[in-house]
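Structures given as structure tokens follow.
Across the two complexes that follow, chain A remains constant while its partner is chain B and subsequently chain C.
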Partner chain A sequence: MIDFAVKNAWLVVALPFLSALIITFFTKTNPLLSSRISRLAIFIALIQSTLIGIASISDIQYVIKNSAGSLRWFTSGDVNFYISWKVDSTTALMIFVVTLISFLVQLYSREYMGEYINKGNSFSRYYAELSLFSFSMLLLVFTDNFLVLYAGWELVGVSSFLLIGYFYDKKSAAVAAKKAFLANRVGDFGFLLGILLVFTYTGTLNFDVAANQIAEGKLSGSILTISAILLFFGAIGKSGQFPLHVWLPDAMEGPTPVSALIHAATMVAAGVYMVAKIMTIFAQAEFPALLGMNALDFVALIGGITAIMAAFIAVTQNDIKKILAYSTVSQLGFMMLALGMYTTDVSHIHPVGYTAAIFHLFTHAFFKAMLFLCSGSVIHACHTQDIWEMGGLRKKMPITAITCLIGTAAISGFPLTAGFWSKDALLDSMIIANKFYFILASIAATLTAFYMFRLYFVTFEGEYRGHGHPHEPGWRMKFPLIFLSIPSLLIGFVGTPWANYFGHFITYIPVVSHQVEEHHHGPNFLVMGTSLLIFIVGFGLAFILYGKGNYNKANELSEKLKGLYKASLNKLYFDEIYQYFIDNFILVLAKVSALFDKFGLDLIVNGVSQFFVYLGNLIRQLHNGKVQHYLLGVIVALLLMIFSYTNYLKIVEYKNYILLGLLILFVLFIIKDIGEKVINNLKNKFLS
Partner chain B sequence: MSITLYHYLILAAILFCIGIYGILTSKHAVRVLMSIEIAFAGVSINLVAFSNYITPGTLAGQIFTLFIMTVSAAEAGVALAIIFNIYKNFRTVDIDKIDLMKR
Partner chain C sequence: MDPLAYNSFILTLLIFLPILGSLFIVFLPEKNKLPHKIALTFSIITFFLSLAIALNFRPLPTNSGEIFNFQFIDKFKWIPFINTSYHVAIDGLSITMVLLTSLIMIVAVLASWNVSKMPKVYFFLALVMQTAVYGVFTSLDLFLFFIMWELELIPMYFLIGIWGGPRREYAAMKFLLYTSFAGAFMLIVFIAIYFNTGTFDYIELVQNNRAFTNLSIGLQLLAFTSLFLCFAVKLPMVPFHTWLPDAHVEAPTAMSIILAGVLLKMGSYGMIRFGFGLFPNVLKTELTQQLGSWANVGLWLAILGTLNILYGAFLALAQTDMKKVIAYSSVSHMGFVLLGMSGLNPSGINGAILQMFTHGTITALMFLFVGVVYDRTHTREIAKLGGLGKQMPIAGAFFVAISLAGVAVPGMNSFVSEFLVFLGAFQSHPYLTAFAASSVIFGAAYTLWLNERVFFGPMPSNWKGLPDINKIETFNAVLLLTIVLVTGLYPSLLMDIINPATKQIINILAV
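== the complex of A and B ==
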């Protein structure tokens, strides 16, 4: 059984794809059947990836060896391009997370989206798009070469676009979908350039081979650093990092389960996953090519800015999903920051936050998906997304409240929950590598604890401020919540500093093995103390300001810190700045290019066509429908024929007569034409 | 100066060319018909001249000419009938104005 699962690992990718195809082409008119097909496919994929996961834990080398495969996609010149895949430990982890969350979200959606069952094909479309997304995401994590990674990268972009714009008749949703797609394209362009640079220098698209080629010196120095930074641009776009984070909060226009799956747990983690997967390339890009930064410094800088900036914005948001979205951005920033942490010895870079980042990615997927599903449950019940129109929901929706509390505790780093251990690991890597980022991350984490408990208190405690009668959802929505609360609480124990199973499972393996100092130094109580302090301060502040159902203090504080409050509430004016930039630079540039297009290119193109139209009109004159003109043509042609066959007809000596005849014909006609005109003129003169 | 074959041929060519010119330039349909007759005359002279000078014993050319005359008379009849019909339909016999073939 396990053997079969490992050897046919590609089935995990194929199943959701098949389901998307079947729904699109055959069952879209039957919404319930469509949703069942989709859930069945992802459930089988989940079972298979669980089996693969078990196999990977017991013997990863066996899995790597047996799961790999490839298909030739196309050949260009001498180079073959393959669709190739390989399951290593990160992939095994990711497919488990992706299939699990996908399955739970699809189950949850059955009830959440229930009102759309009877609305045409939209319910089937929803499930087809979810299946398409699962397929693309699995393809992205399965592959071991850049080409398929890029294909998967774009496919998740497309399915994300489709799902954000699911309510496409709502203008804001359509606009948000467009924005997400465009922001992603900006990053993807850099990503493509990076891939092309790597391919140009190393001649391969395979991650491992490329890393080996780089180690041999095929690509080095500043150009390597530039390639790595360009590759990172893809991650900036996909993972919502500063300065391309603007699309992620807007992406919340999509259905909430979609936000949970795509914009919290899986797709946005693709950037982190990608950087981790090709860490061997990043780690070799040590030449400080960009303002004295090497590739990993750049990753850390972007991650650090994102983490603190998004946390700052999240503090004052009022929309429950926007808070969670900024929280996601901030957590992804944490992961990037940790990926950028490294120590150096004589000549090599050792990433120290590698395991921690993936560990946080892993735990974050569970509790953030759960938090989004909780918010979905609340939105489903209250029909609003404004937390100030909720309140006191704990009594009406106890299960949602408890699971949300667990998620909040986990993300805030309450001791022994999943988030505590992973955040610990992150902070641990930072204290080893860079104390400044440690302090920055601590502040961001404090803000995280604060705004998450603010969310919890305002939504679930105090008095109910909305209208209507919220109540608990049915089992299909409750089950994923309860199920996800278990890993949110307990999954962290796989990676405690005392017994770091996770760290053994996922470790950074450098391309060139050299003497590495073991960092497994056991628990760092300074870090643990800090992280406890972070939780206490964040929680305490939230409790004082929002805990008692009385928000006067909070309002007073926001009055006092008006500047900061406004900046945060307006998301640091990123949208406005971008809008200004687009209006004043991009559109002007577009207009200038339009002018060039109109008067440069169009002139040439239209000129060519106009020339032939003119020529055609000229020739058309011959066909004026008058018998005599045709007859003239016949005679002239006959004469010409005789003229050109004079040799054959043995009448060479008459050549000149024939020419003379033609000449006379023309002269006569010209005379006649002119004569006619003269006569007409005279007639007109005398008659008028 | 005696009259040779060449003089007849030149006369025939001139007549033929006048006929063609008339066909090509006349506005009036009946004038076109008349021009055709002139061209025919040129051809007939050609035939008779050849017959007379190349094969003096036979009368092939002369008989051909008789045929041409009868056929052209018949043709003139038919053509006139056509011109009548054109006039009925278009109220004109100016062949510059009859350009239905354009469409």
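== the complex of A and C ==
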């Protein structure tokens, strides 16, 4: 069984793809059947991923050897481009997370999207798009080459575009879908160039081969660093990092289960996954090519900025999904920041935050998906996304409230929850590598605890401020919530500093093996103490300001810090700045080009044709109907002939001059005649 | 079918079948949509015949080192006086274009199903044009090529000029004059080649590489440039593109489909076949040492390609007319063909040829749907449209798929062609290609913007009650989208034919 699962690992990718095809082409008119096909496909994929996971834990070398495969996609010149795949420990982890969350979200959606069952094909479309997403995401994590990675990368963007724009007749959803796609494309522009650079220098698209070629010096120095940074641009776009984070909060226009799956747990983590997957390339890019930064410095810088910035914005948001969206951006920033943490020994870079980043990705996927599903449950019940129109929901929706509290505790780093251990690991890597980022991350983490408990208190405690009759959802929505609360509480124990099973499973393997100094000697109590302090401060502040159902203090504080409050509320004006840039540069340039095309180039083209028309009109004057003119022409022609063919007048020497003279006379005559015509015309036009 | 047999008449049959069809149309009555049906029958027959030819075509292995792989050769003396012959054949490059032509023709005939104004003349002209286009893509005699090239213009002139929009006469005349003016340059070069070598035969000329080799390199460069200019107008290359938006806006939907789907490719086909084939010396980098850095033809191609891509994209962004957006997107996408060619390496040229095919299929789809929208709303003003996806869900779904194909997402064939173009061009001209690659942003911007403004968002109330796409339109869309998807998911279907052909071009360039 396990053997079959490992040897046919590609089935995990193929199943959702098949489901998407079947729904699109055959069963779209039958919404319930479509949704069942989709859930069945992802459920089988989940079982297979679980089996692969079990196999990987027991013997990863066996899985790596037996799961790999490739198909020739196309050939150009003498280079074959393959669709190739390989399951290593990171991939095994990712496919488990992706299939699990996909399955739970699809189950949840059956009820959440229930009102669309009878609305044409839209319910089938929803499940087809979810299947397409699962396929794309699995393709992305399965492959071991850049081309297919890029393909999966673009395809998750496409499914995200389709799902954000699910309610396409809503203006804001349509605009948000477009914005998400374009912001991603900006990052992909860099990603594409990075891939082109790697291929041009190493002649391969395979991750491992490319990393080996780089180790051999085929690509090195500043170009290597620039390639790595360009590749990282892709991650900036996909994982909503500064300055391309603007699309992610807007992506909340999509259905909430989609936000849980794509914009919290899986797709947005693709950037982190990608950087981790090709860490061998990033770690070799140590030449400080960009303002004295090497590739990992740059990753850390972007991650750090993102973590603190998004946390700052999340503090004042009022839309429950937007808070969670900025929280996601911030958490992804943490992961990037950890990926950028490294120590150098001799001349080798060792990324100390590698395991921690993936660990946080792993735990975050569970509790963030759960938080989004909780918010979905709340939105489903209250028909609003504004937390100020909620309140007191704990009494009405106890299960949602408890699971949300668990999620909040986990993301805030409450001791012993999943988030506590992974955040601990993140901070641990920072204190080893860079104290500045340790402090920065601690501040951001404090803000996280604060805004998450603000969310919890305002939504679930105090008095109900809305106008509906909120109630608990049915089992299909409750089950994923309850199910996810288990790993949110307990999954962290696989990676405690005392017994780090996770760290043994996912570790960084350099291309050129060198003596790696062991960094993990067990628990660092300074870090753990800081973690606890972070939680207490964040929670305490939130409790004082929002915990008692009385928000006067919070309002007073926002009045006092008006500048900061406004900056945070308006998301640091990123949208406005970008809009200004687009309106005043891109669109103006487009309009100037259009004017140039119309009144520059086309005017020349039409001018040329007008010139010939004018010329034709001039010459037309020859045929003016005057017998004298024609006779003159006849005489001249006769004379020409006589002179050319005979030597009758014995004036051979002068023949050519005479010819020329005659011609000139003729032309002058005509010009005079035409001149008169033109002058007469003008006279008629202007003087009469 | 033996592809290697001489004078098997199979290819000749393909070329002249449409003319035969046009005669049927002329001599049979007009009632019961008979012209439509005859045209459809013949376009289907030609499609299957060209498919049969393609399936029987035997690509050479890529390492064969050959410079030709012409099959289905028909060759007869034609005008002995000027040593010209009727010489047609196909290779990997030709057959790709022939397949595209046959495919687009079916779509165009179906898209003309509602033509009621002089249908006999309309379909007569369309079929004559098909013959001319086949002739262009298969001629191996320069004289024959020129005749076919000019023959294509006349039907199109009438098709735009009679069945077009309000400014049809201006647009048709502009199209005709611009292209035939450029054709004069080609004629001059071909005559010069004839006087220099005494033959019009492409194979002889390339084999002996004697088109101009006995003349100074400067003269060769001049001849290449003149020829290039002629093809550049057809491509169309900025700044010679201004006929295209006018022609597209005025042309009836089916003619826009043919124009963008097939006719533009004549330009790039000519560049690769005759530009590269007859003047390999001009493309060599040693030329820059001899004449100075300005003589780097590959670099010029890259500059012009980049200009095409970005200028076209920016213009598309500024348009308010749906059809103009697509017209300028055509300019942008044909720039990829130029950029790919500029690489002068296998990936670049492969990408360029594949891009010709992918652009043909995708842009045809786009014009098809502009037609769908226009037929129902009688406007192409983007500002007046919106939310049509609610009213016409099937059309909306198709248009989203087409938009995604337009922005080259994986799974669509454009993804492979654009990737190959970038890959090839980047190796030769990294900075320019990087610049051009920013079109992945701008291209997505105008395509998705169009998609959003026309099919998404709330719908103005006056579009209530519009019917969704009918069976013929659905068939067209499904046919083309299937091709786009199949060749996108499994590009080897085409690449295994194109790649050997590219290799032969590379071999010619290396001579």
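Structural remarks
We take it that the second predicted complex is superposed on the first by the 594 of 688 C-alpha atoms of A that agree within 3 Å, B and C clash if a C-alpha of one lies under 4 Å from a C-alpha of the other, contacts with A are read in each partner's own complex, and residues count from 1 in each chain.
Note that a residue touches a chain if its C-beta (ideal position, glycine included) is under 8 Å from a C-beta of that chain, and two chains touch if they have at least 3 such contacts.
In this text the structure is predicted, and so the values were computed from the model without any measurement.
Of the two partner chains placed by superposition, only chain C is touched by A:N121; chain B is not. When both complexes are overlaid on chain A, the residue A:A594 reaches chain C alone and has no touch with chain B.
For chain A, the partner that touches more of its residues is C, with chain B and chain C as the two candidates. Once chain A of one complex is fitted onto chain A of the other, the partner contacts of A:I482 are absent, as it touches neither chain B nor chain C. In the superposed model, A:N624 makes contact with chain B only, not with chain C.
Applying the stated touch rule to the two superposed structures, the chain B and chain C interfaces on chain A have no residue in common.
The part of chain A that touches chain B in the complex is made up of residues 623-628, 630-632, 635, 661, 668-669, 672. Across the complex, chain A is touched by residues 62-63, 174, 177-178, 239, 241-243, 311, 314-315, 317-319, 345-347, 350-351, 387, 389-390, 393, 396, 400, 404, 407, 409-411, 415-416, 419-420, 422-424, 426-427, 430, 433-434, 437-438, 440-441, 444-445, 448-449, 451-452, 455-459, 490-492, 495-496, 499, 502-503, 506 of chain C. Chain B contributes residues 17, 20-21, 23-25, 95-96, 98-103 to its touches with chain A in the complex.
By the touch criterion stated above, chain A contacts chain C in their complex at residues 72-79, 120-121, 147, 150-152, 154-155, 157-158, 161-162, 165, 168-171, 173-175, 177-178, 181-182, 185-186, 188-189, 192-193, 196-197, 199-200, 586-587, 589-591, 593-594, 597, 601-602, 605, 609.
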